[in-house]
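Each of the two complexes below includes chain A, the first together with chain B, the second together with chain C.
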Partner chain A sequence: MSQSETNNPQRLMKVFSQSLAISESQINDDLEYNSIQQWDSTAHMALVAQLEAEFNIMLDIDDIIDMSSVGKCKEILKKYNVEF
Partner chain B sequence: MNNRELQEINTYKLKLRPVNESDLELLRKWRNSPKIRKNMLSQSIISTAEQKKWFQKISTQQKNQQAFHFVVEYKDKPIGYANFNYENRQTGLYIGEEKYRGTILAFCLALALLDFVFLQLCETELDAIVLSRNLAAIRFNEKLGYQIVSDKLDIITMHLTKERYLQAKQELEKIIRI
Partner chain C sequence: MLNFKLDQSLQLGGKKAIITGASQGIGAAMAKAFARAGVNLVLIARTEAKLQELVQELQLIYDRELQQNGEKEPDDYTSKLSFFAVDLTDEGAVKKIFSDIATLGGVDILINNAGKMTPKPLAFIKSEDIQSQFEINTFAVIRCCQYASRLMIRNGGGSIINISSMLGEYGQQGQSIYSASKAAVSGLTRSLAQELASYQIRVNSIAPGIINTPLISTLSNAEKEQILARIALQRLGKPEEVANTCLFLASDWSSYITGQVIDVDGGVHF
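On to the complex of A and B.
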């Protein structure tokens, strides 16, 4: 596992924290959209933009729509060779 | 074909089709759900009889081409509702299916609807009335290019021009690539 892969959980945490404007302590695999006020459609858009920039990927629209929790997000990122 | 005759829209992964009588109970269930109802200007619970009356009204509107009312489908399943009314130059939309609420799909729907209004119907301006406590809708509308033009009591009026929409659309399409 490369150094950047080792850091992927931390990078993902930072992306979620910044795009949803929440503290890192609130973020875990079970955190779902709509479960907190901050994760709305506009935040979802910001989240996707930051994920694509951070991991240098282009997400398919169906994958974006399917990204319903932090855990699901990790699963989807694996399809784009982002390992956790 | 007259632009106003367009009955079905297929774009941004969504299908927007006219409301049928068989959709009424599902629409009523969504509209009466607390999460959607709390953000409506009128927050009363809609009865079956009122829903049928509403359908008669929108059927007349659609026949006379005064308004368009759509059921929104994603992957062949209904997930929401959208409309455009010529009388007040306003659109309305919501994602009713819980699974998809709070996702980027709301922007797909907004783009499909606003493309229809600005590019097919050739409208040049739209207004939106939003409850001032509905911060999510205000943020959402601003992302689409709407600007706040008045803020009175608990009601915010927003305005969108075609030019501002097309600029906003360019930014949104960097993420929503179809």
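On to the complex of A and C.
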């Protein structure tokens, strides 16, 4: 596993924390879209923008719609060669 | 044409704008106006040869601008000017363009100008006529807004300008599908303005009237005369007059304007 891959979980944590304005302690694979007030459709778009910037990718619309939890987000990012 | 001082006071220099349907007519006029204002451009159109012709004209404009600022001409224009010859109905190609733009630092201004007009009476409209006009006039606009807005969020905001049409506001005999596809753009504009405001992205639309462009050649003389009779200024509009409105909406001069459809039609009355 490369150095950047080792850092990917931390980078993802930072993106979620900043775009949803929540503490890192609140973030785990089971955290779901719309399960907390901060992860609404507005924040989801900011999250997508930050994910794309952080990992230098452009997500498909279907993947944006499917990104229903942190765990699911990791699965989707693997399709874009972002390993965890 | 705006004078040099006015172009500079728009404070758009160094911003990056995407213009679709850029190779001719209103799109080309916009590209020239934005180049004079020092904006870095990404031009999109179907025909590469026409884009290359325009790019040569734009390089001269950039050179003139730099000379007036006492700066040296660049060795190449890749940071100021790039173009993509693609069909905007090709979803994969659109995504690829925006991926490339992301690596170039994103975008501040999106002008959805590409359009298609196929006038036909209702009885003669085929499914493909509906599909082809909505694909470019409406669906491609939505896709470009989706991708561009994500890049604008990264940069802390931006301005989206959708080129609608007078026909989308008032309608016209034989133009039902074109009118419907452009009316959809007005609805899209008003809704996206609400949805994207929190990201500091303004979304506005320009509804040009009869502008002297190649697209107008598809109208019959009878249709043109019928419309001219209803224009208060009694003349066709110039592409530059739409481009100037576009500059205004792209700049901070319009910083408190969003969700508006601005008619640039010489005072059409029905």
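Following the convention adopted for this analysis, the second predicted complex is superposed on the first by the 84 of 84 C-alpha atoms of A that agree within 3 Å, B and C clash if a C-alpha of one lies under 4 Å from a C-alpha of the other, contacts with A are read in each partner's own complex, and residues count from 1 in each chain.
Following the convention adopted for this analysis, a residue touches a chain if its C-beta (ideal position, glycine included) is under 8 Å from a C-beta of that chain, and two chains touch if they have at least 3 such contacts.
Every value quoted in this text rests on a predicted model; they were computed, and no experiment measured them.
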* Asked: Does chain B (first) or chain C (second) touch A:A21, or do both, or does neither?
  -> neither
* So, A:I61: does it touch chain B (first), chain C (second), both, or neither? -> both
* **Which of chain B and chain C A:A53 touches, first, second, both or neither** => second
* Counting touched residues of chain A, say whether chain B or chain C comes out ahead. => B
* To do: Report for A:W39: first if it touches chain B alone, second if chain C alone, otherwise both or neither.
  => first
* Structure fact -> Shared chain A footprint, chain B vs chain C, residue numbers 42, 45, 48-49, 52, 58, 61
* **Residues of chain A that touch chain B when the two form their complex** => 33-34, 37, 39-42, 44-45, 48-49, 52, 58, 61-62, 64-65, 67-68
* To do: Note which residues of chain B are touching chain A in the complex, please.
  => 12-13, 74, 98-108, 136, 139-140, 143, 172, 174-178
* Which chain C residues qualify as touching chain A in the complex? -> 95, 98-99, 102-103, 146-147, 149-151, 153-154, 198-199
* Asked: Taking the complex as given, what residues does chain A use to touch chain C?
  -> 42, 45-46, 48-50, 52-53, 56, 58, 60-61
